[in-house]
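Scroll down for the structure; my scribbles are underneath it.
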Amino acid sequence: MRRSLLLFFTPFILFAWIFFGISQKGCQDVMQADAAKKIPFSHKTHVEKYGITDCETCHGYEENGRFKGIPTVGECTVCHARDGVTTAQDHLTPRKKTMFDSYKDSDKPWTSWAKQPDLVFFSHKVVMTAQFKDGRKKARCGSCHGDKANSTDTGMIKGKMLMGQCMDCHTALNISNACAVCHD
Amino acid sequence: MKKIDRKDFLKIGGGAVVGGLAGYTLSGAPFLGFQWLVEWSQDQYVPAPGIEKYVQAVSDSCTNGCKVSVRMIGNRAVKIESKDGVCPACLNGLQLLYHPERISTPMKISGKKGSGNYQPVSWDQALKDISSKMNALVNEGKANTIAAVNKNESLNGQLMEKFVRNAGSNNVYYEPSLNSITSNALGGYVKYDFAKTDFILSFGAKLVEGWGNAVEMQKQFLNWKKNNVKIVQADSVCTRTGGIANEFVGINPGTEAVLAFGMANYLITAKRMTSSGDDFAKWSQLIINKYPLGKVAKLTGVAEDKIKKLADDFAAAKNPVAVAGKGAHGVSGSSAEIIAVYCLNTLVKSGAATLVKNSAVSYTAEFAGLDKFIKEGSFSMMFLNGSDPVYKSVYGEELKKKLEKAFVVAIAPLMNDSAVYADYILPPLSFLEAETPESKPAVKALKESKDAKEIIISLAAMVDKTKNALPKTSADAYKSAGRETAGGKFSFNFEKIKADIEAYEKKLGQNAEYPVTLVPYEAPLVGDGDGLAFPYVLKSIDPSVLNLGKFYVMMNKETGKKHGFSEGSSIKISSARGKLGKAYVHLSDVVAPETVAIPLGFGHESYTKYGNEKGLNPKKIMTADVDPLTGAADWWSTRVKIS
Amino acid sequence: MIVKDSAMKRKWGMAIDLDKCTGCGACSIACNQENNMPIFEDDSDVPKRVAFLELMKVTNDRDAKFPDVKTAFLPKMCQQCEGNAVGKHKADPPCVSVCPAVATDVGDDGVVSQIWSRCIGCRYCQTACPYEARVFNWWKPEYEGSFKNSLSTDVSVASRGTIVKCTFCSHIWKRERDKATANGILDINAVLYTPACASACPTGAIIFGDLNDPESEVSKLAKSDRAVRLVNTVDDETPEKQKALMSKKQYANPKVYYLTSQKWLRDMMRFKKNS
Amino acid sequence: MIQFIKNIFQESSKNMRITLYVLIGLVVLFGIFAIQILFWGLGYTDMNNNFTWGAWIIGDLGLVALGGGAFTTGYFLYIFRVDKLRPLISSTVLIGFMCYLFTFVFLLFDLGQPLRCWFGFAYPNWGKGVYPASMLTEVFFCLSIYFCILVVELIPVVLEHKVLIKNKVVAAIAHYMHLLMWTMAAGGTFLSFFHQGSLGGGMWGVLYARPVWFAPHFFFMAIVAAMAGGTSFMTMMPYIAGKIMKKEVVPMESYQLLTKISGMIFIGYFVFRVYDVYTGIAKFAPMAQRNYFDMWGGYYGVWMLVLEFALIISALFFLNQKKYREQEKFMVIGACSGIFAIVTSKLSVLLHGFSVPNFPWKSFTAYMPTIQEWLITLGCFACMILIYMVFAKWFPLFPHLEHHEAHDESHH
């Protein structure tokens, strides 16, 4: 009896583990929860060391209020100048990063993987400028993107942002949850 | 260690399969897979995003010069908007711009003419071939066998006229339009000052549906409403103009001219009014003798008193105007009718109708008009500048034969019934891609299309005789654009139209073989056929015109009953010129008795897959009597038999 | 920056002056273009046609004979019914309460929304609609070749087997709203907009605006003597009778008002036999 | 297996073989067209934006109404303990089960997005109160739960198969399930009241903007219709099976009892239907300023109403008079009239309802199902017949028959 249990469970555990691993990797690839970034980036360093506290420094808006999203290499090299120094005594001086050499200024090395579906009207600007009567802002970047200031990578929202997340905020802030507020 | 037997092997295999399944399920993959399946099965197209902006565009290929604002997403145009109104052609500009069957490179025929087989060639090659052919003709002294048919009097039409005339040919024609026909009939086209008038007597002119200039008429329509202008519409089909008119005078089909004779008769005899036109005395004598009120009443179906009342009202108005001209897009060429109606204006000395000419457009050529040219003329080279005479002329079949033998160049963005006979097709830009002095191109030109003006200019530069005749660039062309000038003197041209006036009675009388009259009407947006290549136009066609592939003609209820037709029954229509295919009957009393009203603009043979094989083209069987003055066929009403 | 209550106070409505309508069809083209209507080779299958705006040709030949006939055009889109929404009662259009999956709803601005991605395609709302205003994607929406370039990003292309309908171009409102916010105007009630059909109408026959604002043109037109609502016969009754009827049964009570001085057309729009 | 199927065909008579070929052919065609409809959409049907529902919803309405006989019969047997109905109950439950099963199939075909069918449960339109806002939400829930109940009711029939019943455990389960079946019958009746009302009538009655349908009492009338027509249907099916099998599958007195019940309910239905027409003419049509008879026209004219009433009266006449009911011929005529009266009323609700123009300038429309719609509908019916045949052949569908056969064998 014991032998037969062993005969059954050894492959069971082995295969369960293998298939679990493969399928989950597949899922994550599909969901782009673990998209490969070609350039390492630490939010934490930039915030703590260089004192960039305003997200809009890198993730700003176009003139018409459209969200720019991920910065381009061109925007990175504004500080990390292509002809800058590679070493510096002062740790506050942004240094030349050789990893940018293989990119054009217009490239976006990180893929955006938190896109809203086609039928959602979502404006970062609207959410970010919404205010309470006393002038406090209703939302911060962290409300949806989590604690970026302490993150050491470029991971954003894992997987898809579900409608429930939007609706929770709307409910909490007394904003209408009627379908047509966001959908067409 | 025991040997692994069959039972154990099954256990191991079972463990592996169950384990694999468990791992797979626990990973969440099946649920994600289902979600993917749902999304995959929905499979909807997501348009490419981009930054929104508005750019302005002005059309110089339509006669109205429509000004529009184009909504752009990135570099794609997604919407045409306008505050000033747009003509039907410009309204469909976006659908033309992105039409999947749009011709975007020069094409050379590669098969039998009419088969639609073409292969792309370079611009240089195409222009070289065309110009050398033209040079050869000029050198052989056969310059007068070159002909051109323009779509309209827009700037590229004017350039084409200049080009062909300078090459030594007189054969420049325009698709029959209100202006081209009235110019031939009256010696200048009528410029109406609708803002000043207080009484409009329309002889079947579809005023609010796009007659003349659609954008202008819509503006005038609002003015009429504001100023309480009285509109009287005499017509055999109550279209929207009949619906908005203060008074709708139902007349028998094709009797607009007779009604005008009757009213002129009454105004001349009873009111002692006179016209300043040449030959008035002779004309009025004939009208008075031939068309006494009693006979007019019988022919038109309008009571004598009613005619008198109408004429009295018309004469008593402060600034009345009488208008002729039939459809919103399709026009008929009866000069007797145009003259009779214009005569009413001169009788009451209307200040709202004056004759003018365009300095750059001469509507007269060797043959009086396009239909006459197709019927009697001959040519060895033909330019089709955006026009489609094979479809639009009642002589389409004859023209096909002549085009087959000639060297034909079509400037056309879409294949059409005429362009399919071309040796070369040169693709012009849509107005959204063209540059004008007032606007930059709204959209980057697709592939190799070129501005129609530029095509004509560069052709002219390669033809020896026209080298220096045309402006050097399309920007210069604007400076040479034609202007309106005062027109010639109004003449009744009595000798030429006498026979026509006399023939009316016979035409309208009883005809045992062809008892009913076929008249066309125009569906919104389709017009006389140009709109049919555009899918959003197809979406707007009323089910009483085209429904489930069935093409409907309208017939009066009692007439239908008399001839044994009920709603939806099939009908075959034939005239002395031939038979039409199968149509279906829609019974409606908006049509006069003993009349069949057929929608215009359908039945294209090669006008993109959206326009093809839809409905019937009534012009194939419409009367083809060419009018002596206008040179256009008077096809609007045709005697037919139905079965 | 203006910061106000974020609650929607607008109630969008439309007035269509049929006396001014020439039947030119510009509204229809504009609507098709704005709303990414699918393109088919042969769209003559009218009963299955996907289009939000129907330009209906109306004649009085049911009751009149030539030449006493009249022709009019009647652009018909979703009438954005509100049912017997009196006082605090929530709007209850005929189509909303029947949806089994809450794919259609009445917005705070009174616009009846239709979310195709929630729609299961049961077509119950279509059955409930007295205006034939809802359309079903019987076939997969197609856009051949370069036609895809003319698609707007504001209106998502629905998948086959779902219901779509006119929403008074509410995506334009959202566009304007987002634009206004980007410019610092945080009061959503300050955002006005015009749907595609209204802005395309060359004679200004289609007027769009806020019915809650007594000063707006549309609310003045809605109160005019010429105003008539399509097949909403309860309007013809005396106020007392109206109240009695509405207590017994819901009426569609659309927010689209037609204006006409033609008696025959008024009667036709009410199923009345006229002389 | 192949041999087994061959044997079935060889054993059958010639007529039966033809029938089997036809039925199986229909089922195969059903499969082919089902793929077409599910993969390429509803464009292939003759339904359109005006005639939004067609053959399949007629199938739904008919099947659910006639399947309603299951709950009525179950109620009479298990709650009122009318034991004479016991020989009918297995067949009744099976028919009910199939009616509901294929109602689901039809509903699924009718959905434009069948993969989203679960939205009906995940995002139900409940509104604020206890009652769902949408009649279809009610249909979704009640129909599914009642279907589960029918499955439970059907299990003993399967378990009592002569091979299975030999197992002691199975026999015990079957026995106790029989004892507890009254709870199911009670629950089923409760649920049935809701979905019979909603799918059969409420769906149409609540459409307040469509004067041709609006009638608040429609909900209740549909329940009565289902009880009246369903009981007739539950009589006719085993009767026909018996005729084909040339055996007395159910004793005559059971048939007569059920048709008597049916006839009695038909009286209620007749009164209700007269009230329905009366209120239509006098109340609801005028409320929308329409004339009731103006709304009848086109292909589906008043003749449908006349036909329906003729059928109801025929059912009333033959089922409620003992002298006729006890003659087999008249009982059959009466029950068939009853069934067809209900089917006609469903046809008329749908065909006539959709054909009525919404605007006076439009005309009456018509609907002609396409080959796909016909074959999917007929294929489903063929499936039902085949399942019924399988049960009749291999399962104890007719306890009376088994009892008799066992009796006969012991005599021999």
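Just so it is clear, A, B, C and D label the chains in written order, and each chain counts residues from 1 on its own.
By definition in this document, a residue touches a chain if its C-beta (ideal position, glycine included) is under 8 Å from a C-beta of that chain, and two chains touch if they have at least 3 such contacts.
Bear in mind that the values here come from a model prediction, so they are computed numbers and not experimental data.
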Most centrally placed chain - per-chain CA mean versus overall CA mean: C
Pair joined by the larger number of C-beta contacts - C-D, A-B: C-D
Distance between chain centroids, defined by C-alpha means - chain A, chain C (Å): 40
Whole-Å separation of chain centres (CA-atom averages), chain A against chain B: 56
Chain centre separation (chain B, chain D; CA means) in Å: 58
Contacts with 2+ other chains: residues of chain A: 64, 118
Chain D, residues touching no fewer than two other chains: 113, 116
Residues of chain C touching at least two other chains: 45, 47, 49, 56-57, 59, 117-118, 140, 153, 156-157, 159-160
Of all residues in chain B, those that touch chain C in their complex: 41-50, 52, 71, 73, 76-82, 85-86, 88, 91-92, 94-95, 97-100, 102, 208-210, 214-215, 218-219, 221-222, 225, 238-240, 242-244, 248-251, 446, 524-525, 535-544, 546-550, 556-558, 588-593, 609-610, 614
Residue numbers on chain D that touch chain C, as the complex places them: 40-43, 45, 47-53, 110-113, 116-117, 119-120, 123-125, 127, 133-137, 139-140, 203, 206-210, 214, 287-290, 354, 358-361, 365
Touching residues (chain side chain C, partner chain A) in the complex: 1, 3, 6-8, 105-109, 111, 113, 115-118, 153-157, 167, 170-171, 174, 177-179, 181-184, 186
Chain B - residues contacting chain A, complex: 2, 4, 8, 11-24, 26-29, 32, 36, 44, 46, 51-52
Interfacial residue positions of chain A with respect to chain B in the complex: 3-4, 7-21, 23-24, 26-27, 30-31, 62, 64, 66, 118
